[in-house]
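Following this line, the structures themselves.
In what follows, subunit A forms one complex with subunit B and a second complex with subunit C.
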Partner chain A sequence: MDNLVQIDNGVAISRADIPCLSPENFGLTLADFVKNDGFVVQFFAYAEHGGHRLLAVLRNDKLYATGCEVGAEFPSLTGWVSEKFHMFEREIAEQFGIRPTAHPWLKMVRYHPNYAGRADVFGNDYQNEEIPGRYDCFRVEGEAIHEVAVGPVHAGIIEPGHFRFQCAGEEVLHLEIQLGYQHRGVEKMLPTVAQRRLPIICEAIAGDTAIGHNLCCCQAIEALAGLKVDAGAQLVRTIALELERIANHLGDLGALSGDVAFNPPAAYFGRMRGDFLNLLQVLCGNRFGKGLVRPGGVAFVMGAEQRKLIIDKLDEIEPQVKNVCDLLFTAHTVQARFEGTGPVSREMAADLGLVGYAGRACGLAYDARVAFPTECYGQLPHNTNEMTNGDVYSRASVRREEIMHSLALIRLLLKRPETTAQAVMMEERPLAADSLVVTINEGWRGEVSHCVLTAADGSILRYKVKDPSFHNWTGLAMSLRNQGISDFPLCNKSYNLSYCGFDL
Partner chain B sequence: MLKIIKNKLEQGCRTSPYPKQPIALYERYRGRPEISRDCDPVLIRQCAEACPQEAIDPVKVTIDLGRCTFCGLCEMLSQGRFVRFTQNFELGTASRADLVTDGGAYADLASHAKQHFKKLFGRSLQLRQVSAAGCNSCEADTNVLNTPFFDLSRFGIDFVASPRHADGIHVTGPISLNMKAALLSTYEAVPSPKVVIASGSCSISGGPFYGSEQVIGDLGTLLPVDLYIPGCPPHPLTTLHALLAFFK
Partner chain C sequence: MESILSCTLALLLAPLFPGVINKTKAFVASKKGPPLLMKYYTLAKLLRKGSVYSTSSSFVFKMGPTVSFAAAAMPLFFIPLAGLPPLFSFQGDVIVLFYIMGIGRFFTIVAALDTASPFEGMGAAREAFFSMLAEATIFAVLILFYRMNGSLSLAEYFHGDKAVSLTGPAGALLLFVIVAMFMVLLTENSRVPVDDPQTHLELTMIHEVMILDHSGPDLALIELGAFFKLFFYSAFITHLLQPLTSFGALANALIFYGVLTLVYVAVGVTESTMARFKMNLVPKYILTSFTLVFFAAILTMGFLQ
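Right, the complex of A and B next:
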């Protein structure tokens, strides 16, 4: 294991301690690790001394980092080792113009010119041509084959992205998901802006995961600036992350019932989701928890009044949540539509590296709250999932179990007396020079991770963001194999992945 | 069936009596700001420098609500002596300039210049929502208007799937370069006369993403905007109030 350095979640290390392997050795190390039940948390390139380096953050039951110098190309691991690398390698190619050789399906991730000023790996000329959407999707040929194109603008109030279905009659043979329409240049702008803007930008990486992403950002700044967070602030942060989880899961269960035309729970879940968003508003004045988490603690103290409002609401709404879940999950029509729809096998989920409820519904138990606990999670009971068949029913069941678990966690947390000494305000702080920090939190969709590298003057050299959707979109594509095309909305909602979290 | 009835009884009727009766938001919600113009200029400058959104003009002593994300930092920093956010969620305006506030009287949205819109769309308004790199909080809090509490359709306002069926577009997000073409095509597909609504600080000023070379930021540079709804995201009641005041 000399080729890897063990790191801890949210603890900065000197960049000098990151191994710098030869490209061959780096590839072999990653291959060996992943073949032994290892997963990829981050894998990206950054500029250093006029050249480029690759950095990989890996996990089994611990976290590791390793790196290498890289020239204009490196051997792809996707084809001969694991699918886990495929999106990361495409991203490296797009962001820095570094080609992963022998990548089985090298194509754009987000449609933007690379940061290095090199020739575009895909031959796109972003200066002079309108590129987004100009891409030849994978095609199935044959007389009975037809193609369905959806998006980028979709039929509801949702984010844009393109889906291309290759169908034989009603049956989907292949779904290709081509995103990038939401690309806002987040990773490129983060190192260039004043520190005071970081939490605001991170809260908008994926607005439904405002707490999850901003928590990663603030924990990274805390590690680099040597800030301590008191127990009261940790309590608020943990409660906020769980409220975010409950609100989103409830909303999605409602959308799932709407998609199978069972309207009562759709209406009830939609309304109850609002109740939980309003609890975030009780904590910090914003329904998505924007403005709550700041480096060093929280910007709003949770006093006796807020505690009481939350407990009273939980007392009122918990029986309703249970009853509406029961209504949804015991309806035969719902069971008939959920069961066996959009399955992904455990083996495939492991090969793709699915995370969050998408992975847990396939039997991959990984939960960052358990494996790499932050804030209060080290002292809280874990959740286990009963239904792990990888279909829509399993994903819905896992979410139901997580809602009940999160409700119990919030009650446990509210029994604790700690209050934060003082609300913190965003201040600019010097960051440790030449350091690396990786932060991981279990956002409601799964593993959210930020990775910050600092330069010799303490400025941010590279800011890498990974939303769980980066892993899981491929899972959705695989769910659609040999499914009726009319089941797409159902499969899609069972994942409800982030477009902007992916597109950055 | 019995379970449906039991749940129906437990849930009851949840639709808000707003706008017939006023509605109060929790005191931590930050809406329309009150500005103390005679406060210590040093403090004002301090707030302006700390503002992550560069929304405060220390010379004119104004806040640009089109840039502001309502994070509340200026209120905390000045301990309410310079800025104090009220719970008034009626923030929509008919012009970009009206969003720059000195804390004095707000432009009355109901008496805006385009009165013919009330005649055209006052009884039925169909909107096509376009997310142009929106982070999904604006989208989510627009979607929520269809839940039983807000029940937008009781006002004759609906979000529709096709731009051909729409009277206008409701745009969220800082308009990524990659969404520009799709946004303009959607706009063109809406039959005239049509309305354009910029919702959320992103579509008004780029929001948190101002300065990024991958976004356009101000929707007004691409299309003629009729209605601005500020916030990060706008509270559903802000959107509801703006739609009702502007079109009804």
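Right, the complex of A and C next:
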């Protein structure tokens, strides 16, 4: 394992400690690691001394990092090792114009010119042509085959994304998902802005994961600036992350029930989602928890009054959550719709590297709260999932179990007496020079990870963001194989992936 | 004269009753729901608008709404309402009527295909397939009714001395018909569990997806036609449910519209307590209704001779 350096979640290491391998050796190391039940957390390129380097962050039950110098191209691992590298390699090609050779499906990810100023790998001329909307999609040929294109403008108020179905009658043979319409250039912008803007921008990476992404950002700054977070602030952060999880899971269960035209739970869940968002408002004055987490602690102290408000609301609402979940999950027409719809096998999920509830519903137990605990999670009980068949029913059940687990966690946390000494304000702090820090948190969708590299003067050299959706969109595409096209909205909602979190 | 009034009343009230369904659904979901007169507001709004036509669609697309509206309105002139005889009636009118409704559907489908949208084609394929299956049930009902009262006219089924009735000699068989026709009602009018009138998801819709490209007055005609169609099927079931009408005109009207409201409430309750079927289960569901009626028809062979 000389080729890998073991790192810890949220602990900065010197960049000099990252191995710098030859491209061949780098590829072999990654291949070897991933083939032995390893997963990719981050895999990206950055500029260094006029050239470029690749950096990979890997996990099994520990975290590892490794890197290599890279020229204009490197051998792709997607085809001969694992599908896990697929999107990462496309991203590297698009961001830095470095070609992964022999990549089986080398396409644009987000439609932007590369940062390095090299010739575009895909031959696009972004100055003079309208590129988004020009897709070469995988095509199935045949007389009975028809193609259905959906989006990027959809019938509902949802984010833009293009879905191309190859169908034989009602049966979907293949689905290709093309995103990138919400690309805002987050990664390019983050190293250039003042430090105090970082949390604000990270809160906007994916609007429904404001706390998850911001927590990753703040932990990274804390690691680089050597800040300590007191127990009271950790308590508030953990509660906020769990409230975000509950609110989103409830909203999605409601949407799932609405998609199968089972209206009562849709209405009840919709209201309860609002109740939990309001609890975030109790904590920090914002329903999505924006402005709560800041480097060094939290910007709002949780007083006795807030604790009481949260406990009272939980007492009132927890039986309701249970009842409405029972209403949804015991309706046999709902079960008939959920069961066996959109299945992904455990092997497939492991090959794709699915994370979060999408992975857990397939039997991949990985939960960043357990594997790489931050904040208070080290002292809290784990959750286990009963239903792991990989279908819509499993994904819905996992969410239900997580809601119940999160409610129990919040109750446990509220029993603890610690309070924050004082609210922290955003300040500019010197960051450790020539360092690497990787932070991982279990956002409500799954593993959210940020990776920050600093230069010799302590400025940010590269800020890499990864939303769990980056792994899971392919899972949705695989779910639809040989399913009815009319089940697409249901499958889609059971994942409910982020467009803007992917598009950055 | 009374028949004309009664028919006009039915045409005017048809958009009211879908409001009853929505109110029922809202009640079960503890919501306030849209106002009872919502459908009138929607129609008024649509009629004030202009229509938008794609340059790639032809006259077929413009014909669709008009023909389907006319086809949906016609049966209301032939069905007895509120204990009064219908405006028109002749021997064999049921067969004509169901095929006229078929013509309406045909034009909706070709209008949908005319847009060349991949969604509308899918919706059209589903609608054609499912309504073809529902036709089997409807004609099994007609066979059964023919054996029961020897006529092929809506007027004679539901009005006069020979009317089929639960209290009649083979009344018990009508229980099968009521259940089967309710299932057909849900199918033909794109209700849960076959279709979801509230969904906006173009990949799962059946009827709604076919009318995505229609706008303004065209859409109003389609909507109004859908209300008439639902009213016709509900009135059909109401006649089977209600006791024989032999009270005063006012009492008859009250009983008729009371039972009719209950049918709509039943639709609302069904939609609130059931999820949609998977698309591949829908044919089984429709054929179940056929089986019920066919079984009833077999029973008539025994003891009605």
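As a convention for this text, the second predicted complex is superposed on the first by the 504 of 504 C-alpha atoms of A that agree within 3 Å, B and C clash if a C-alpha of one lies under 4 Å from a C-alpha of the other, contacts with A are read in each partner's own complex, and residues count from 1 in each chain.
In the analysis below, contacts are C-beta pairs under 8 Å (C-beta built on N, C-alpha and C of every residue); 3 or more make two chains touch, one makes a residue touch a chain.
Since this is a predicted model, take the numbers as computed values, not measurements.
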For this session: Check whether A:Y366 is in contact with subunit B, with subunit C, with both or with neither, and answer first, second, both or neither.
Result: neither
For this session: For A:A267, decide between first (touching subunit B), second (touching subunit C), both and neither.
Result: both
Exercise. Touching A:P489, do we find subunit B (first), subunit C (second), both, or neither?
Worked result: second
Problem set entry | Per-residue touch tally on subunit A - higher for subunit B or for subunit C | B
For this session: Quick one: classify A:T333 as touching subunit B (first), subunit C (second), both or neither.
Result: second
Exercise. In the superposed arrangement, which partner chain does A:G156 touch: subunit B (first), subunit C (second), both, or neither?
Worked result: both
Exercise. Touching A:T341 in the superposition: subunit B (first), subunit C (second), both, neither?
Worked result: second
Problem set entry | Contacts of A:F288 with subunit B and subunit C, given as first, second, both or neither | first
Exercise. Is there a shared patch on subunit A that both subunit B and subunit C touch, and which residues make it up?
Worked result: 155-156, 264, 267-268, 331
Problem set entry | In the complex, subunit C residues that touch subunit A | 25, 28-31, 118-119, 121-122, 192-193, 196, 198-204, 271-281
Exercise. Residues of subunit A touching subunit C in their complex?
Worked result: 146-150, 155-156, 170, 257, 259-264, 266-268, 331, 333-334, 336-337, 341, 484-490
Problem set entry | Residues of subunit B touching subunit A in the complex | 3-4, 6-8, 10-11, 14, 25-26, 28-30, 50, 52-53, 69-73, 76-77, 85, 129-144, 146-149, 159, 161-162, 173-174, 176-179, 181-182, 186, 202, 207-209, 211-215, 232-233, 235
Exercise. For the complex, which residues does subunit A have touching subunit B?
Worked result: 110-112, 130, 132-133, 152-153, 155-160, 180-186, 188-189, 193-194, 196-197, 199-201, 203-208, 210, 251, 264-265, 267-268, 270-271, 273-274, 277-278, 281-288, 290-291, 299-300, 309, 319-320, 323-324, 326-327, 330-331, 423, 425-426, 498-500, 503
